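Which chain is which? They are A, B, C and D, in the order written, and residues in each are numbered from 1.
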């Protein structure tokens, strides 16, 4: 059903259609609208689930951890400081291979305190052992949320769905919501083989010494690699039902002749698309959006970069003292690839700074540099967002 | 594409106005996008929201810097330079003002592009609350003919309980009768809508 | 599921339940707990060698017959000793330091009476028809006990006694109100039903002769007791109509008469016989009865030691005084005032026992403390000596026949002396114990048994118990017949305890040095290395240590209420050969 | 199958904790956990915070647990248990949820999630095994460490003799949540302990049980004295054994024969520096005695005459086993 929704509302309805049994969360902007909407559904009796309104994100993550271990489909959402407060538990959930879904309404991490969007929070936990999927718009947010529940159930690896805070969570636009019937057809009832059960008592979370720790970690690493196929399959099967495709591991658009590519994460992709369409650059450009940050889709990325001379990695996060986080991972991924493109690192939109259409020419300019650009914050001098100085004609 | 910026104060239903505008556009068969200038503002502070309408999917997520239309829910906001900032050369302004006749357009804006309306008074009469947003929307749709008023009515019903929706619809209709229908039609045509 | 379950999801180091059982933490141990049974004080002090702790346990386990049988191993007359024994076991009882001792004698008596009522018997081996036979002279407690022990090992014993019936002083010298004869008869019947022979009216040196007995039997035990009164006079003077206490007592018990009607009687002596005579005097209608003894009353702090306290059982002295006997402690008779042949009065003087330079105590009568006590009869009861008629050749030791502690008479083969005649008597229980000890020696000398066990292990100390697990609870005292009723009949004075009172008393037992089956070790083991057994384990406990997991912390030993668990160093590992 | 294995199979007792765990000799926590799970099992799910208990029961590849058991982190046992409980509730499964943590995971780092769990009224029995310091990391002081006790981070120094602060009154904080059931117990009185576990299990809503669990390593006492130390803590008034319902004191374990605190101190190396006759030691001794007396006065711990529920009666044994 196509209707106009605020992103958070649409995500909440998608979660509800996946029939979660336990939902736990702690309020933090800009995630709040999602959890409020879910609470409303439960309190109105439209959703049969336990809502656990915890005293901290730490407990939110812990509650869904326990619920998943007890064999319940579990969901939580957070952002920014919340994700960092959860960090210890996030590693734990993945290490224990507990299936559950978390929506991260991406937001900057203080200090300075800032409630607006960037990707620093998701980046901070990218090595926790989770699957991390980024959404370019709310339609993808909805579709990816449904897919996430199937992926986590099949892989026993937790899935973090990253949605740009405010820019998507608070964006009101027309969205195709799946029908309950479609979701039920796609998503089997939740089961968990290692469920806590007195009838079959197991010990979960044992102490593992040097003699076996490596093997357990290797198991997780290998299974995350293998999860790529499951992520692609989940997207394909969902497309078979809804006709909507989220790009599997990553999206790419643009002519084969293009020598310049721009790779980004999340909602900037739409702005770049619009910019290319409305302000055609002198040379063709290939636009790419990485959907799957973890596991990192090395093969897909190399495939998408074939024929490029320059690749600009545009990202909304930074590793102070090491440049762009994604840019560095891309460089590593392309290392040793025959005719690998030059990789330019571009950082923008930190702490919610508006990324206007005018970003495109700046990027193209960047790629013209004689030497590859290691890392540059491209919107340092950008026009500040409203309030701004008046220009009355 | 038509880009609209709505200025108001926290608590005046600024975001709701933006969402309603986009929802009405959607109901009228257009693609509508709305989002607030996400702030940490509290009640009373100046706030802005953005709306885009087009006949195709709108992909950009950036803010509206050069609006084709401004909806100003509180005339005192006109004192702040950013309120009128970036208005397109042929852009229009709809202002809520108690004494509409007394309010002159600033230099550089032709009277034809300037309409003041006692929306709060209308709201107090119809909605029985001093929330001018739906009255302003009614007037805006009448002036631009962007979508029929019925589309706004559907959007109102989707968002509010029956009675509230009806009262707001009354406000919109009352306001629409106070303005010259289609006065700004040319702007809308010029934006391909 | 200690082994790996193939169906088990192994992902993320998931583990099967209880799999730690494959890991034997017992290898950490440097010391290990063991059950070590140690004699309870009651067991250690019982002259007859009974183990009250054990029979109280059996009673609590609802096995009264097993409890009774355990007594029979040491003593064939629980119903008798339960009545007349001074029960030193109760004096030694650890519970006495906590609140009051267990009423052990009442429990023993209860079991004895149950056995009589239930006609319970011991399980014995068949008699060795052509095996050795042992002659026992004297069918008193010591002789009967020796015969019983020999019988328990299948040997034939023949008892000879000068009286027509067996029992010795149990029959002739114990007042009926202390030991109803029916009780004695039943226990003797049970004894003789096992094939022990009795030949009455055989007085040594008249009907039977030692040499004949030694010829016709493989061994001879002399259990002849002390039947001759120690000669008595005061500065050589004796009244014309002198009656010795023991004779009066035997006559009274036999025919129920004594020439004491209306007379003022002074009994001289502080032993049980003296007290019994004083009490019979009361019953025989004496006007007044005085008991004069050089020793102190029990509990008198001025006594310098046990040897300065009356030997009679405290409860008997107490009852005698209740009945009107006037006791003169630390007093002696210094002169008899006789007119013609008749006694008119006795002169008494205060006496104290003093430790002499040689360490032995001597008694001194203090000049100037004399007083005159009008009396027309004085009855000496100052003890008896062995009647050596027909035994002239045998070595003597003072009033007794000489022997080693196993009863072997020096220079004689297979000739023994047991009981009072050996000087090892002092009480019926002691005589029973001595009879058993001598029997053990006989069995050994006849190659029918091991060497008599050496001196027993010391009893477990009060401090070795963990008393946190016990609460104070009063001892149940048997009912005592009121004085008027005592005097008008021979009814038994001390009553028994009811079954429920007996159960309560048994419940007060600390089970010193033996398993109480209280579950403490089972409950408190942090390593779950103590296992409870449905039946009694080999070591007499109700628990088994699982050394695969015991780390040797010692909590079980510390919290065992009974001192039954001991920590011992871990033995060094034994390496398999090759 | 050997005799002992066969005998073990036939034990008339449910074991939630199996032997072969790696606890120290005389570990009070191991005993406490065994007694608690014996009383609670078998239809329960255990959630265990990081700590000695977790480490010594589940070193891969062996687990000492006979019950479904999960360990997540140090500070979130209550929250994980809340999640398990929510799942069971949603699925209509009847099993009961127990959360285990040491004093660190309860008084300190785990307190936030404990408070949240109780406030949200989850039907969880939270059991704190209180051994009064961070034993798992090598005996560092916690907010549960008693005043003047020596730990590696509150050593018996020349200037400062042991911990400077008081033991946190956690029970007062917990009962302030107005929860249905909260109590203290100790390994020295297993009957009382197990009865309280059953009461906690029967409680609708959150229940809290603080179990005094001696640590021979950290308290520096002979392992064999484990029970004696716990018993003296009660008999001196140092550790009040009490029971609260809806924040109201409903019962105590009365002390029949009160013991001087010094008897308790004397058994433990962590108080060794208080046994001398220098003024400082004397003052601290008197302080601890005063604290014990204050407990006794506050909770009315002295038995009036002989009470069938007092310290002596509660410990009493008889032939044929303890009344369970």
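Heads up, the rule we're going with is that a contact is a pair of C-beta atoms (placed from the backbone, for glycine too) under 8 Å apart; a residue touches a chain by one contact, two chains touch by 3 or more.
Note that this is a predicted model, so its numbers are computed, not measured.
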Requested in this report: Grab the C-alpha centre of each chain and report whichever is closest to the global C-alpha centre.
Outcome: D
Report summary line: Between C-D and A-C, more C-beta pairs in contact link C-D
Query raised in the report: So how far apart, in whole Å, are subunit C and subunit D when each is placed at the average of its C-alpha atoms?
Result: 50
**Report entry** Whole-Å gap between the CA centroids of subunit A and subunit C
**Finding:** 92
Requested in this report: Using mean C-alpha positions as chain centres, tell me how far subunit B is from subunit D in Å, no decimals.
Outcome: 66
Report summary line: dist(centroid_CA(subunit A), centroid_CA(subunit B)) in Å evaluates to 34
Report summary line: Expected list for subunit D, residues touching two or more other chains, is 58, 60-61, 63, 65-67
Report summary line: Where subunit C touches two or more other chains at once, the residues are 13, 15-17
Query raised in the report: Using the touch rule from the top of the page, what residues of subunit A touch 2 or more other chains?
Result: 96, 201-204, 206, 208, 212
Query - Interchain contacts, given as pairs of chains that touch - result: A-B, A-C, A-D, C-D
Query raised in the report: Hey, which residues of subunit D end up touching subunit A in the complex?
Result: 42-45, 47-48, 54-55, 58-61, 63, 65-73, 75-76, 78-91, 95, 112-113, 115-116, 119-120
Report task. Would you pull the subunit C residues touching subunit D in the complex into a rising list? Result -> 13, 15-25, 28, 57, 60-61, 468-472, 507, 511, 516-520, 522-529, 531-534, 544, 546, 548-549, 551-555, 557-559, 561, 567
Report summary line: In the complex, the residues of subunit A that touch subunit B are 3-4, 6, 30, 115-116, 137, 164, 166-168, 170-174, 267-268, 270-271, 273-275, 277, 352, 354-357, 383, 385-393
Requested in this report: Under the touch definition given earlier, write down the residues of subunit B that touch subunit A in their complex.
Outcome: 18-19, 22-23, 26, 31-38, 40, 46, 48, 58-63, 65, 80-87, 89, 106, 108, 155, 158
Report summary line: The subunit A residues in contact with subunit C across the complex are 95-97, 156, 193-194, 201-204, 206, 208, 212, 216, 219-220
